[in-house]
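Reviewing the structure listed below.
Each chain carries a letter (A, B, C and D) given by its place in the written order, and its residues are counted from 1.
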Amino acid sequence: MGASDRDHQHQTVPPDISLRVKSLESLLVEKGLVDPAALDALVDTYENKVGPRNGARIVARAWTDAAYKAHLLADASAAIAELGFLGSQGEHMVALENTAAVHNIVVCTLCSCYPWPVLGLPPVWYKSSAYRSRAVIDPRGVLREFGLDLPGDVELRVWDSTAELRYLVLPERPAGTAHMDEEALADLVTRNSMIGVEKIAAPRPGAQP
Amino acid sequence: MNGVHDMGGMHGMGPVEPEIDEPVFHQAWEGRVFVLTRAIGAWRKWNIDNGRFHIEQIPPAEYLRISYYEKWFTRLVELLIETGMVSRDEVDSGVPAAGSEKLTPALRVAGVPALVLNRNIASSQDPSIPPQFAIGQRVRARNLNPEGHTRLPRYARGRTGVIHLDHGVYDFPDTNAHGLGPKRQHVYAVRFAARELWGEQAPPRDCVHLDLWDDYLEPA
Amino acid sequence: MNGVHDMGGMHGMGPVEPEIDEPVFHQAWEGRVFVLTRAIGAWRKWNIDNGRFHIEQIPPAEYLRISYYEKWFTRLVELLIETGMVSRDEVDSGVPAAGSEKLTPALRVAGVPALVLNRNIASSQDPSIPPQFAIGQRVRARNLNPEGHTRLPRYARGRTGVIHLDHGVYDFPDTNAHGLGPKRQHVYAVRFAARELWGEQAPPRDCVHLDLWDDYLEPA
Amino acid sequence: MGASDRDHQHQTVPPDISLRVKSLESLLVEKGLVDPAALDALVDTYENKVGPRNGARIVARAWTDAAYKAHLLADASAAIAELGFLGSQGEHMVALENTAAVHNIVVCTLCSCYPWPVLGLPPVWYKSSAYRSRAVIDPRGVLREFGLDLPGDVELRVWDSTAELRYLVLPERPAGTAHMDEEALADLVTRNSMIGVEKIAAPRPGAQP
């Protein structure tokens, strides 16, 4: 699926986009508008340092520390700042708690706003017309495509990120994890669960945490 | 503007297709477009609302056809030219015009962590800008159809909801995108019943929240 | 469906560009697509609402990119296959499957004038189907968002207008397109103030009329 | 403008569309589903027999015959049937009178419905996304692009053809035409004036009618 999806997304790229970007970068470097070393450092940052592991650490902390969880739900920006994960496109955060009775899901219908500092850059599907158009009118259908058939008695809350607030879903802690420490729990937390399109599966018995 | 970017509630866009083990960038040029935009952004020649409006102005058939980072590339080129940082001739040739001065980049390696951690978007609880609405109040999203930038989606216009959270004071996109000032005002998470937005076929207890500015709302 | 075909009120589509001394068909294939569709229509394997829904199902980026008669061609092929008149293999090869029976065309030259002059769309003042609304009555267009075919544009939903004309009784597209019967009912020209549709920036006396079926309306 | 508009509309046609249509026609003929002679007759009909001259005759009649005009405005289908111009996609007609105080303009936002028997097949601009999207929200801007700057005190009425009614605008009879007979008047009537996007100019003094 990965390859075909990528092909689908990129099949219409003009053959020269890569060359056009190179040409523009060269121009901007020549004019002294950008520093190539800074560009490399930025790529490295977003490829390797900023990503859903940050969000997972927040979630694991909230699962294991009731005071932190209360703080996160009351003032997410302050609670996330404590862990050092506020930043560009995640300046003002709201945390949404998923429970057995309430399920939250996040979208940006108008563009593709996404909490970069805690989740990294958004996946292609989050930016797709399909997700942006359907998440508000057919969220249960979208969730089914992610394998989550939400019972009718669960209240579904959609959050459309139309302003400068960014949303982090605090997923339900799965069963069978009482013995796990914060670090092991963080390894269970998926990006998609923090957008609200998946639940976190219980760890398989005997599997490495 | 009522552009095709305002696609909340549209049908016909196909299934959502998640990709397993998706890389941050699928091709190197995507990463370069992203970081060029961020590094040029450090010159502060435009704000986030200018930037979004430029993406929205991509012609609709093109907007739907091209990828996310192709849109970013289109925007970057247009904004560089519009702000006079480069000329179209320079973009076409890939080399600076003869005799042009070499500047010092606004962003150096040492500045990268600060850029990533920067909280560029100003918010405040400025008491001199009181909220126009109170939590729990019923409000209607106004029926605005500006040709310029707006962050009030069509699917919410004319619909009635409840103020759920007061997020504090933020710049107003409809003016801020067009050089008409930040016109700072309160932003609220407004909760709309799914049935109010989509009619009786929607599940009775589901809801959609939108973050809406004072100027988008009226008492209901 | 809330498709990109439902484009009334969108911005960003560019200027209207009339062509001087425009031919009826710009290229011969356009004329052939048009008349093939009409001639196959004489078999009465689908109705006008089926046909419109097939055009609406063209993926949005494609819908905006291709020309009118390309859409007709896409529809013709899909309907021929869907109704079993031809197979996809036959379309791909351009020749009938081995052993297929040769039929007698539903439309011959002698039938062309009647086809052109035919009043295929049935209307009536059937007294057994009374109107639900009276001329001059204030009505609200319902907020319907079906995934199937509808002729109630998004820009009118939830808006209040006045019954201006009663056009009599017609088939109901939302059922007729999907084999759910004609569900015949009254259609009205409903007058909406431009300001009701588009907000306060619209000229105060301008208005837009839409032809709407009983099932699209509720008393206001 | 004509050529560039046509190029613009058709530049993205796949190179093989003409061949694909030929191949389909050949298949349908072979299967006995269509008769090529009937296809030729249909092309001839819509290229040469059905067109805005039909509508122009209706308009000229209404300008010169007050009883006919009253009939047209009261029951357009019956009045148009009298002249033999009802037919497919013009089964049920409504006539809209433009005056100095009221201006009507017709669009089909959802597809491109158009009164074929009286106006022929629609022009490319009528079917364009630009016209369909803007005619209802910015009709005065659209009219300006047709060279018609409508005074603010004229009431503008847009008609969106969402059902099976088809609309014919009865344009204002221009000044300086009192001496002209019905046939000469019909020659003045433009297609665009019967859609409502133009007014009919007064004939130039001394010009051939």
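Everything below uses one rule, namely that contacts are C-beta pairs under 8 Å (C-beta built on N, C-alpha and C of every residue); 3 or more make two chains touch, one makes a residue touch a chain.
Computed from a prediction, not measured in an experiment: that's the story for all the values here.
Engineer: Can you check which chain pair, B-D or C-D, has more C-beta pairs in contact?
Structural biologist: Top pair by contacting C-beta pairs is C-D.
Engineer: Using mean CA coordinates as chain centres, what's the chain A-chain C distance in Å?
Structural biologist: 41
Engineer: Quick one: chain A and chain B, Cα centre-to-centre, how many Å?
Structural biologist: Between these chains, centre-to-centre, one finds 17 Å.
Engineer: In chain D, what residues contact two or more other chains?
Structural biologist: 129, 137
Engineer: Residue numbers in chain B touching 2 or more other chains?
Structural biologist: 2, 9-11, 13-14, 60, 64-65, 145, 197-198
Engineer: Okay, what are all the chain pairs that touch?
Structural biologist: Final set of chain pairs in contact is A-B, A-C, B-C, B-D, C-D.
Engineer: Show me the residue ranges of chain A that touch chain B in the complex, using the header's touch definition.
Structural biologist: 1-2, 5-6, 8-10, 12-13, 17-18, 20-28, 30-35, 37-39, 41-43, 45-47, 49-51, 84, 86-88, 91-92, 94, 107, 109-112, 117, 120-121, 123-125, 127-137, 139-140, 142, 145-146, 152, 155-165, 192
Engineer: For the complex, which residues does chain C have touching chain D?
Structural biologist: Residues of chain C touching chain D: 5-11, 13-22, 24-29, 31-36, 38-40, 43, 48, 52, 55, 64-68, 70, 73, 76-77, 80, 85-86, 90-91, 93-96, 100-109, 111-113, 115-121, 123, 151-153, 155, 165, 167-168, 170, 187, 189, 194, 197-198, 203, 205-213.
Engineer: For chain C, which residues count as touching chain B in their complex?
Structural biologist: Contacts found on chain C: 1-4, 9-14, 56-57, 59-61, 64-65, 142-147, 154, 158-159, 197-199, 201.
Engineer: Quick one: in the complex, what on chain A touches chain C?
Structural biologist: 129, 137
Engineer: Residue numbers of chain B touching chain D in their complex, please.
Structural biologist: For this pair, the touching residues of chain B are 2, 60, 145.
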